[in-house]
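For clarity, chains are labelled A, B, C, D, E, F, G and H in written order, and residue numbers in each chain start from 1.
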Amino acid sequence: VNAAQLQLLLQAVASGATSAADAHAAIAQLPFEDLGFAKVDHHRELRKGVGEVVLGQGKTAVEIARVCTALLARASSVLVTRVTADAAREVQVLVPQLVYHASARTLRAGTVAPRAGRVAVVTAGTSDGPVADECTETLAAFGIAADRIADVGVAGIHRLFAQLERIAAADVVIAIAGMEAALPSVLGGLVATPLIAVPTSVGYGASFGGTAALLSALNCCASGVTVCNIDNGFGAAYAAHRILRAMDRVRSAA
Amino acid sequence: VNAAQLQLLLQAVASGATSAADAHAAIAQLPFEDLGFAKVDHHRELRKGVGEVVLGQGKTAVEIARVCTALLARASSVLVTRVTADAAREVQVLVPQLVYHASARTLRAGTVAPRAGRVAVVTAGTSDGPVADECTETLAAFGIAADRIADVGVAGIHRLFAQLERIAAADVVIAIAGMEAALPSVLGGLVATPLIAVPTSVGYGASFGGTAALLSALNCCASGVTVCNIDNGFGAAYAAHRILRAMDRVRSAA
Amino acid sequence: VNAAQLQLLLQAVASGATSAADAHAAIAQLPFEDLGFAKVDHHRELRKGVGEVVLGQGKTAVEIARVCTALLARASSVLVTRVTADAAREVQVLVPQLVYHASARTLRAGTVAPRAGRVAVVTAGTSDGPVADECTETLAAFGIAADRIADVGVAGIHRLFAQLERIAAADVVIAIAGMEAALPSVLGGLVATPLIAVPTSVGYGASFGGTAALLSALNCCASGVTVCNIDNGFGAAYAAHRILRAMDRVRSAA
Amino acid sequence: VNAAQLQLLLQAVASGATSAADAHAAIAQLPFEDLGFAKVDHHRELRKGVGEVVLGQGKTAVEIARVCTALLARASSVLVTRVTADAAREVQVLVPQLVYHASARTLRAGTVAPRAGRVAVVTAGTSDGPVADECTETLAAFGIAADRIADVGVAGIHRLFAQLERIAAADVVIAIAGMEAALPSVLGGLVATPLIAVPTSVGYGASFGGTAALLSALNCCASGVTVCNIDNGFGAAYAAHRILRAMDRVRSAA
Amino acid sequence: VNAAQLQLLLQAVASGATSAADAHAAIAQLPFEDLGFAKVDHHRELRKGVGEVVLGQGKTAVEIARVCTALLARASSVLVTRVTADAAREVQVLVPQLVYHASARTLRAGTVAPRAGRVAVVTAGTSDGPVADECTETLAAFGIAADRIADVGVAGIHRLFAQLERIAAADVVIAIAGMEAALPSVLGGLVATPLIAVPTSVGYGASFGGTAALLSALNCCASGVTVCNIDNGFGAAYAAHRILRAMDRVRSAA
Amino acid sequence: VNAAQLQLLLQAVASGATSAADAHAAIAQLPFEDLGFAKVDHHRELRKGVGEVVLGQGKTAVEIARVCTALLARASSVLVTRVTADAAREVQVLVPQLVYHASARTLRAGTVAPRAGRVAVVTAGTSDGPVADECTETLAAFGIAADRIADVGVAGIHRLFAQLERIAAADVVIAIAGMEAALPSVLGGLVATPLIAVPTSVGYGASFGGTAALLSALNCCASGVTVCNIDNGFGAAYAAHRILRAMDRVRSAA
Amino acid sequence: VNAAQLQLLLQAVASGATSAADAHAAIAQLPFEDLGFAKVDHHRELRKGVGEVVLGQGKTAVEIARVCTALLARASSVLVTRVTADAAREVQVLVPQLVYHASARTLRAGTVAPRAGRVAVVTAGTSDGPVADECTETLAAFGIAADRIADVGVAGIHRLFAQLERIAAADVVIAIAGMEAALPSVLGGLVATPLIAVPTSVGYGASFGGTAALLSALNCCASGVTVCNIDNGFGAAYAAHRILRAMDRVRSAA
Amino acid sequence: VNAAQLQLLLQAVASGATSAADAHAAIAQLPFEDLGFAKVDHHRELRKGVGEVVLGQGKTAVEIARVCTALLARASSVLVTRVTADAAREVQVLVPQLVYHASARTLRAGTVAPRAGRVAVVTAGTSDGPVADECTETLAAFGIAADRIADVGVAGIHRLFAQLERIAAADVVIAIAGMEAALPSVLGGLVATPLIAVPTSVGYGASFGGTAALLSALNCCASGVTVCNIDNGFGAAYAAHRILRAMDRVRSAA
């Protein structure tokens, strides 16, 4: 469905190198493998730079295992997010090479080549740790180096200032904060790097499961801060990957 | 209804100094004046330290004027909040001594003796000005000195640090901020004074009319910050009055 | 980062008493201790009058224990809030001097000197007890005397009137109420003291987890009542501490 | 469709007094008149004790006029609610006997016989007046005597106590309050009469257009208080009519 | 605090029959008994016609038992609502005469005299049963006869029509419905009796825990239907008691 | 209550073939069977084309079993939805012919004749499976053939295009999707068949239990897509039945 | 992008009848015309059975006029929805053949052939008229006959029963209702035809702009009722078109 | 406050080159200019790469003009966002070099040097134009080239595919969409570039002012899409600037 590929394929058909039926099959069927309950997207690495990441939530252990097996048959690594400890144990029986990270709630297997670029993963409080863990596990699965800076929320702002040089030196900054999520606003006024806010569900009462932090991040008075879903450490890591990939294109062009 | 007054009155009845019927009337009817559409609470100054403040919103100009006239007949000053410019003009025809503050949307008349204590009224942005104006007009009506510090939001946090000594020196700090309202959180971590947050409706989209700022203030990671309704500059000033009055009691006791 | 301290330090550098590198370290690194997952703010007692209080929610038992140990190494007392009974048991194995209050869900250790001032902690119903417990445990940890007045909600308003003298005599009043939280409104009209409302999640259906009580408190028709997050007994106690500290400054000045 | 009527009609058919076709027509078509855009329910007075009340909101002036004309052709009185001043002027050109009440926003014509029973219409503040006006206009249209008691909100609770005897003497009490609507809770604990709460949209910010008052009324800690929609003075009057009608049945049976 | 009682008492003081101190105690302290964690309102039966009902939710079993014991010491019956099965078992060990109704989640003891009047308790679906059970248990505790009509929701409207005579014959109708709660609207158009809607949390997804049913009931197009909180069968029964009591006053006057 | 039936019955009464009393009973009582806690609607198959489906949620196992037994006494098949595994086991002891589908959470018994028409049940992700299972189980209970197409969400849109011919060939398309539910929008622009969207609760954080998917479906930019409640696979199947029945009427007329 | 068309085109390329470049252009560029600010979808009639309908909201009059002109250059008719009276006047100057319907807020031009099938457009109240007008104007633009039945809301349910035969005879029923929207639930239990609910914003207070009606429709206890966005008369008409088109396919196959 | 600058300054003080008082002033006061109502941040260009952008909303015309004048005194260009046409006219009288863009609602003056990198600004519908205009005006003010691609929403997905090559070639993609905002999800699955979603308030009813689009973007099933506030075209442009600046750092390093 990529326009360039389509044109190539059509030229192959025109030249007789490929039959129309084969071309049609190539376009419509090749990029994924149908497991019945799931369609595994082997094509995604080409299209997006990293392979398909499996969302564990809502899948049975057997379903997770089958998707991982299918992916590992063609790729060197795999990542599953939002896996409970119970489900992880069941999956690991079926796919033993998967390693579980209890706080990040991820399963991961395989090795990836290290990439250029460094991402600062900054949390406001200790309780935001699990979201930061999902984030750094995802970065690791993509071969990206993470610099983890914990517990620098604005209630003791001198702790943040002491880390400022280190944060400003990163290529991308991910600010993870719950409650009123003031951290992205303060950071956004201090650093010029791409800055991604991850509101977390840390809090109670009028936090409404992270809604307060989410609204805070969306209304950030510092300009150009973008936002992920509540507790979505994975998504922030993936957005960082998109930015580092854009920086890689500059490197390749140089 | 105050227990001490009740006991005094009952003793007067027991001693024959007051008849039962008179005592009953004294308890139930004295403290207010019935205008039909409103019951003016002349007793409030005794009970609360400052006189009744009139909420202009939802009242006709004639109703506002009649309440002000009734209050001014027994008190030296009066304050009306949330008055539109149109209503103010009509009221001023009927009660010419009232002065209108267009940004604060208040009508005010009379003089009050200056009181001990100083309140810092700090705003995050220029757009929060009208809420701060309502706040400082209310403080003025109560005889309280306000120190107004504008536009020190966290997106340029050095502007805030430059004012820190001045803010920390106040007896009460009122932090007024819209959008994501990060200011109370940062201030709350830096000063030990009583700190009252006023979220404002400044913002758009997911600000939801100040809801984002309100939730932010309620989930403030700095401890002991209390919160007023959205855009309620009057309420914050009144809460400051309560605190200064508590400090006055210490002064009186000293 | 405090401007006054900064100027002192700069003068020391100018006079040669302190080297530039030492001054820089002093400013940026001294006030906290880095445990990796947390940055313990030893400086907070100086800055805020009381030491750092640990939020137990979202932290593992080991993390809580390590932060407490670090704090107790330099301070005479510590308080942890929002600790489940299970977590408390684990923490107590590691830090045996901590005492758990099951209803308040707090861990506390050490002694504090009693302070001037008295706080009335008033609840609308028996079910609001745990929030009041968190509040009085926090006050105790700060050396503040609490006067607990239970079950005086407005459905039987004579119960409230019978306690009015006692409530009005306090320096600060904390009104804790769930359901429709009418208590702060009634109290706010009767007493002139600083009044802090704590809405609670007591209720069902359209209480929406305390949202009804929260909105009620924020829209309080009695003037100058300020509000804490739902169930935030700790925050109200801390706000009371801020006010008592302001009263102490008057005492010191006298 | 009433079962008793159906049986009577069937007996008439069985006896030959009525043909089947006539009976069918009688059941399905008699009770309303079809104006095309509206079906006027002439039968409602029999079924409900009072005639159909017209909701003016969303109808054009011509539609309102045509429905009123159709109703007045068969009934001695008519009531229209939620009519803007502009629409009222247009309607009055077409149906001159209609009288407009500007604050209640009602049009009314005709006379009704006075009925037994008295309803207390109690408001918390002056700004709740228009809702109380809609309520008393509706009561008047139903022939019910209203006792209007204004401005007895809980911020000055002695004003309420002074009216308590008068309120408790009514057959039904309607409590109208905006902001945090604490009035129904306090009243509900003091009087044993049927008590209907009408939350109003008076307020700003976190009042959310009367939502705070609505939630407050629904979570009322005083037992057995029932609630109408925000600003629905008409609905409360109608509910009072239902109760007075039940009391009339006792009178008839006596 | 009741004005009439106050005047009587004042006359007693004036005549010397009562001393001022005694009178003060009588007014402020008599009506309730202080258990420390709760203030039991023995006065409520006089003031409201039925005794205090205990809300079990949020109270410990020991607290429930102590309040019941205090109430039973002075009254012939007691009712506790929202008690879990586990709590009930514990309470029953301490207060054996209490009987638990598992579906209604109520504890009840003692006998009450039967009263005039009949209340129809109508449910839309079988799943609304527990709310109807709480309602009928409360009516029983107040001596009121209930006519239970189950499963007549509007999806099969002929089931409702078959019960219409029976419903219309009641003095008060309570309509209990979840999901979209169309039942009160249909009933409200058919019967002229007082009609109380109880929205329930029956449903899923966009029912939002009964919010859809609540909003439906509040926007009821049939006039004069009043509404209780979600799942509040107790409140509806109490409101019916208020209406039946008003009807009793007519009977007494006849 | 159906007008045609009513006229027939009235003619029978007029001709003497039926007595008035019998006719009344026929109209009001025949169509359902009263089990006390439930009124089983045997008439529904005639009125709606398929028999009554039992909502298991909120019913006890005994209640479910009794309703199923009553239905199976007069019908050849029965379907119960939203039954937990625990409840199912209890019901199956009482009604052994019921078969439980664990993912669909349905109990089903009996056979139905296959009907014309084919419904495509399309899911965005594997986690939407249980909702699709409820949908296809319902279709099976109605004798309708389902074509299940899994995991074609828009994040890998080529997977969807590969199935487009198959989807477009169906008579009705049901699109089941959680998270942001973009699938109905994309499908709605590509196929001209009736298209029913079922938002699911798959997601986390700002999914708010499926609210994001629901709002997305309701705001679908592709025209003429209609929406069911969150996770309501049953409702979508029933809506498909309504459409297929309309198509059957064309077939019968041909 | 349709798979069948793709295969045909690929065969044409394979046979040499079409060049690869031409095929690519055919696939990617043919179906729409680029006006810069808009891409007019001339292909939509083929794909969906009716031409593109223009959403007037948010477009300038000039933009609307240019899109209409482009569409009319290739099609015999055009429909624009959500056009204000002011915008309509401006557009009509530029495209004079467009006719404005003030209540429906639509612009329409051209003629369409009448189609088989009849749609009942049923409204609960007179105020729902404009939404019904948008619906019937859209049906008219698609050549579909509408049977408009007004003001049959459930508060006077006999008005609905009198129209039942007429409603049940339609191929598709569209039920339009505001406030609590009980109409779709009652209708859904009585008719077996496809039934589409359109909640409207008619109401006030807790109607929250139609949210109450929307939630009511989504939680409809009658099975298989599907829902459109609030006030979306156009969408319901389009959904009816999809169903009638499915019925046409049966006719063609017969 | 930047740590590096602080150390430099401290060394200057240590060496005697700068006095302590001067250093203190330099740190705390230099970076902004105090206009009383606003503190203009001249330092921001150094810190963030572009100068301070003025939020026009909530500021008076005179305030806007004074801030612009202060900024233009030290910088070559200025941008003001969210300015109404009326305010713009007033400002332009005072600062004539400002040019107003009516659809973007921006005021802009001065020239900026063109920068490397290209941003694709993609809209779902014509009505999203004003948000895209604010975005491209901001990019222009930052010297960034924008590629504007309009009206490629998913209801006619072939329009999107025809532009895919052009979109994928950009360095950053900004996807602007209202209603259900499916565009970011589809784009996110097709391109690997950094992708920023801007939900817009285009829509009605259950769009809730853009909330549906916002939730849709936050729950995007395509990985690594980040989100701005509703209608925040400015914020997306600023986030793109942050990313291009990171790419510039790679260029500088090469």
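Going forward, contacts are C-beta pairs under 8 Å (C-beta built on N, C-alpha and C of every residue); 3 or more make two chains touch, one makes a residue touch a chain.
The structure presented is a predicted model; accordingly, all values stated were derived computationally and were not measured.
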So which of C-D, A-H or B-E is the twin of F-G, meaning more than half of its contact pairs are the same residue numbers?
A-H
Using C-alpha centres only, name the chain that sits farthest from chain B.
F
C-H against E-G, pair bridged by the larger set of C-beta contacts:
E-G
As a quick test, compute the distance in whole Å between the mean CA positions of chain A and chain D.
58
In whole angstrom, what separates the CA-based centres of chain D and chain F?
40
Measure off the straight-line distance from the CA centroid of chain B to the CA centroid of chain G, and report it in whole Å.
54
Chain C-chain E separation of Cα centroids, rounded to whole Å:
38
Among all residues of chain H, those touching at least two other chains are 1, 3, 27-28, 125, 156-157, 161-162, 189-190, 205-207, 211, 214, 218-219, 223, 229
Show me the residue ranges of chain B that touch chain E in the complex, using the header's touch definition.
3, 6-7, 10-11, 13-14, 16, 19-21, 23-24, 27-28
Which of the residues in chain H end up touching chain A in this complex?
1-4, 47-49, 53, 161-162, 164-165, 171-172, 189-190, 192-196, 214, 218-219, 223-229, 234-243, 245-247, 249-251, 254
Interface with chain A, chain F side, in the complex: residues 125-129, 150-152, 156-159, 161-162, 202, 204-207
In the complex, chain F touches chain H at residues 124-125, 153-157, 179-182, 185-186, 188-190, 203, 205-208, 211-213, 215-223
Given the complex with chain B, which residues does chain H contribute to the contact?
1, 27-29, 31-32, 36-39, 41, 43-44, 52, 55, 57-59, 63, 67, 82, 201, 209-211, 214, 229-232
